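I've put the structures underneath this note.
After this come two complexes, each holding subunit A, first together with subunit B and then together with subunit C.
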Partner chain A sequence: MQNQVISKKDLAGFVDELIKSKAAGEVIGIKTQGNKFNFGSLKSAAELRLDYDISLLPPKKYFFPQTETVLKYEAGANPRVEPVVEEKSMCIIGVHPFDIRGILLFDAVYGGNNPDPNYFLKRNNTVIIGVDCLKPNPKAFAASMGTAATDEGFDLMLTDIGDSYFVTVGTTKGENLLKKHAKAKDAKGGDLEKRDKARNDALKNYKVSLKMKPEEIPALLDANWESKVFHDKSETCFSCGSCVMVCPTCVCFDVQDDMALSLKGGERYRRWDGCMLTEFAKVASGENFREHKEQRFRHRMYRKGKYLVERYKYLGCVGCGRCATHCLAEIASPAETFNLIKEAK
Partner chain B sequence: MKPRVAFFDFTGCEGCQLEVLNFNLEIVDLIGAVDIVEFREASSDHSEEYDIAFIEGSQTTQKDVERVQKIREKAGILVALGACSCTGGVNALKNRFPMEENLKVVYGDAAKYYTTIPTRPTSAYVKVDVHLHGCPPNRNEVISLVKCLLTGKKFELCHNPVCVECKLAENVCAFERGEFCLGPVTRGGCNAVCVTAGRKCWGCRAPVDEPNINSEKELLAKYGLTVDDVLNQFKLFNGALEVSK
Partner chain C sequence: MVMQLTPKQSIHLPRIATVARVDTLSNREKVFEFRFDDGKELGQKPGQFVELSIFGVGEAPISVTSSPTQKGYFELAVRATGGVTNKLHTLEKGAKVGIRGPFGNGFPIETLKGKDILFVAGGIGLFPLRSLINYVLDNRKDFGEVTTLFGCRSPLERLFIGQLEEWNTCKDMSFLETVDTCQDDSWKGNVGVITTLFPKVHFNPVKTYAIVVGPPIMYRFVIAECIKKGLADDHIIMSLERRMKCGVGKCGHCQINGLYVCQEGPVFTYAQVKSLKEAV
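This part shows the complex of A and B:
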């Protein structure tokens, strides 16, 4: 597949054409929200902001909504249960490479031997047009996690090279969309170098870095279960769950049944849940396996740095910096905790 | 037989009853599911027989205390409905002044005809089976409780701080907007309605099970509030609770 270059004006034309033609379903992109950025439905290319740092919520919400009905039931003499699965086509524009890595982890967790239909009927009908993050958030550390760029997980990947975008073509689907709806040209000699320079320059804009190779994290955690860092860092924790709610790699949900007031039936829904919340590890008997905030704090770090990578080969942290940005107690950054543990050794 | 439900109002603005009336179409289902035998804001019926009593407002006179104790004797299940009944609510602001002064400010020359006692949560006088927090309480939570009572399912209060619901609603954090928010230590279940509407959390739903009050005080101080400012934030709805001290 031949990589392309598209002028900024023609990219806007491409986006407007996607919105108008609905060729790839609903068009979603990065927009401003207050003084922040967030993914939302696009009415016009003029709303799209590709120069952002991070979105409030990661794009996972489009495959795994905050709350989602999964089945409806009728009670009574002839009970009936019917699964509820929403299928949706979308094109998400402006996904950063580290968030694409988050989606790849989700694919692994929700796929495997027992694929989640609610997730994949949305995920498999989605076109992802990524954009390289050239102005990272001050709390982000994707450069040292190896997640600042990605070779997989996108249909098209845009890189700002001045007056135009370099378009790395990832799939035939992406290539066809571009051919049909955009005025793009084949990349010429020198364009690829411009893309690589933009990417390399961006790496220098990261303010936080992991002081080890990401591959070293599982062994570091293995050797430091008793580390005082977990206790000290968790002292000021609100157990407010902000870190896990905004995380692109947090995959957990709670399931509840909701009977209608008529008592004739109801629905079962799932809602995002997370291990930093007090009730997360509480079971039916009332026992709570992670009653203390230090235990919850340690669990989250082990999940980010050890459990997920051992099971799914992807690290559970992509270095986006959302948790560190949202944490009012300023304790959530995994890089900071991993560095402290290493320094304490 | 359908369970008989009664609403009783004490000191408060009666906004909690109004919130129940605002159920729209669900009020029809509610009436189908239970017999509402006492509900002053909606009906002139009275009844001495009821299974579930909703207590709205706080008890601020000795007479109130005796009345709520009588209700407790008759009710199988007693529910504290809303902030005033659950924590004392805004009424507890008066606890900061001598009771005689409060009477004089409110009733002037007629003060001699009235008595008043410091505001306490309903649970200070009788056993409360369920607390439905909030000013006003969340209507979905009220309905959820009724459904639990009808089906015998255990009712669980929301244990998350408001922050969870703010994140789910994709709000920009109130602190980021330069506000001083009690969301990190306040019980959710309200869908972060105030922050979503562009305001901040005042803590009307009382603290979560394990509020990190020290951390919240540090946080508010970091954003430039003095100790008194911080306590005033807590006192609006939670003046009768330990967190405000």
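This part shows the complex of A and C:
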């Protein structure tokens, strides 16, 4: 597939055309939200901010909503129960490569032996138009995680090369949308070099880095279960769960019932949950298998650095920097913990 | 990546089952017999669990206590301890619930065939173990010597008393029982924790598997006794309790290190558990 170049003005035209024609369903993009950035429904290309660092929440919320009804039932003597699965077409514009890596991990977790229709009936109908992150967040470390760029998981990938965007075409679906709705031109000599230069320059803008190869993390953790770092770092943890809520690779959920006021029926819903919350591993008898915050802190770090990659081949941390940005106690960055363990050796 | 799925394949969708019988086991435990409204079997392996739904209250993971050799129904023995289980205890014959599953790996029947078996059940650890004990008794010729040890806190907490009497007199299995303490003379049997029964049992460790289910504290002491008797780590089999919310390896609640108890468990060998942290 031939890569393309599109002027910034024509990209805006493309986005407006997607909004108007609904050719790829609801158009979602990065917008400002107070003094932060977040994904939201776009009314016009003018709202789109492709020069952002990180969104408050990762795009996982579109396939795996914060709260999602999964069943409707009538209770009582003759209960009836029906699955609730929302199907949705979307085009998400402005997903960073590290967040795309997060989505690829989600695909693996929600697929597998027990694929989840609630996830895939949204995910399968989503077009992803990524954008390379050229102004990384000060807490981000994607460059050293190898997640600052991606070759997979997008339909189109945009890279700001000055007056225009270089468009790396990932799928036929992306190519067709572009052909039909955009004034893009075939990339010519020099354009690809501009893209690669922009990407390489961006790597130098990362302020935090992992001081080892990411593939070394599992062995590092294997050898350091007893590390004092887990205790020291977790001492000031509020167990608030902010780090897991904003994480693009945190996949866990809770399931609850909500009875209607009539008491005739209700809904079962699932909502984001996380292993840093106090009661996550508690059973009905009262036993809590990760009662202490040090245990929960360590579990999260092992999930990020070892468990997920061993199970699904994608690392459980993509270096986006959201957890470190939102952690009140300033202890959440996996890179910081992994580096401390390595230095302590 | 396109996975063609329909809403009917929802991982959350239970099948409706009806309570066919309720028996009180103690002041905290009851056993419920269920039949699926569509007439189908649960099709469980001994040691697997289901997710039990009471609509409007929620869902809870419960081990199946009946053996798959009992056809047409399945039994869940339940202690009233949380929201779902307390509500379940109020249900009577004819009430309807939702069931998902069976989930989990179950006990390794093929490994156990032809071998001697030592069952060790502590308290309501008897519930999951009973599915295997009855399976073994119903397929008696497939297994070698069978011994069952059962311990609970006091005579009042003995469970499935009728069944215990049967096991005590049956020729197919040796059965020993104990209670931790007894304040009066109502109990003529052994008194003392379950490990006090170990000096009374003799087995060939090479061809014996111990299947141990009980509270976390019991595992520590019983495993030590098993090892003292010469059992290898992979001849000690246990079933672990966790908060399995989804049953299908997604929600994360049941994780022990990198393992999902609802997928790779709940049955593990001690050899596996030993290499895990925070398992017991």
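One rule holds for everything that comes next: the second predicted complex is superposed on the first by the 345 of 345 C-alpha atoms of A that agree within 3 Å, B and C clash if a C-alpha of one lies under 4 Å from a C-alpha of the other, contacts with A are read in each partner's own complex, and residues count from 1 in each chain.
The working rule: a residue touches a chain if its C-beta (ideal position, glycine included) is under 8 Å from a C-beta of that chain, and two chains touch if they have at least 3 such contacts.
If you're wondering where the values come from, they're calculated on a predicted model, not measured in any experiment.
Chemist: For A:Met245 in the superposed arrangement: first (subunit B), second (subunit C), both or neither?
Modeler: In the superposed model, A:Met245 contacts subunit B only, not subunit C.
Chemist: Tell me the contact category for A:Leu340 with respect to subunit B and subunit C: first, second, both or neither.
Modeler: In the superposed model, A:Leu340 contacts neither subunit B nor subunit C.
Chemist: For A:Leu192, using the defined touch cut-off, is the partner it touches subunit B, subunit C, both, or neither? Pick first, second, both or neither.
Modeler: Touch status of A:Leu192: no partner.
Chemist: After lining up the shared chain so the two structures overlap, which partner does A:Cys237 touch, if you call subunit B first and subunit C second: first, second, both or neither?
Modeler: first
Chemist: Looking at the overlay, what does A:Val255 touch: subunit B (first), subunit C (second), both, or neither?
Modeler: second
Chemist: Between subunit B (first) and subunit C (second), which, if any, makes contact with A:Leu263: first, second, both or neither?
Modeler: In the superposition, A:Leu263 contacts both subunit B and subunit C.
Chemist: Of subunit B and subunit C, which one touches more residues of subunit A?
Modeler: C
Chemist: For A:Gln66, select first, second, both or neither according to whether it touches subunit B, subunit C, the two together, or no partner.
Modeler: first
Chemist: Is there a shared patch on subunit A that both subunit B and subunit C touch, and which residues make it up?
Modeler: 259, 263.
Chemist: What does subunit C use to touch subunit A in their complex?
Modeler: 1-3, 5-14, 16, 53, 55-60, 81-82, 85, 94-98, 216, 241-243, 245-246, 248-253, 255-258, 277-278
Chemist: For the complex, give me every residue of subunit B touching subunit A.
Modeler: For this pair, the touching residues of subunit B are 26, 29-30, 32-33, 143-144, 146-147, 150-151, 153, 159-161, 163-164, 166-168, 170-173, 175-177, 183-185, 208-210, 212, 214-216, 218-219.
Chemist: Name, in rising order, each residue of subunit A that touches subunit C in their complex.
Modeler: Against subunit C, the touching part of subunit A is residues 70-71, 73-75, 77-79, 81, 83-85, 107, 109-118, 120-121, 123-124, 225, 251-257, 259, 263, 265-266, 268, 270, 273, 275, 280-285, 287, 289-290, 295, 299, 302-303, 306-307, 310-311.
Chemist: Within their complex, state which residues of subunit A touch subunit B.
Modeler: It is residues 33-36, 38, 56-57, 66-67, 235-242, 245-246, 258-263, 271-272, 277-279, 293, 326, 328-329 of subunit A that touch subunit B.
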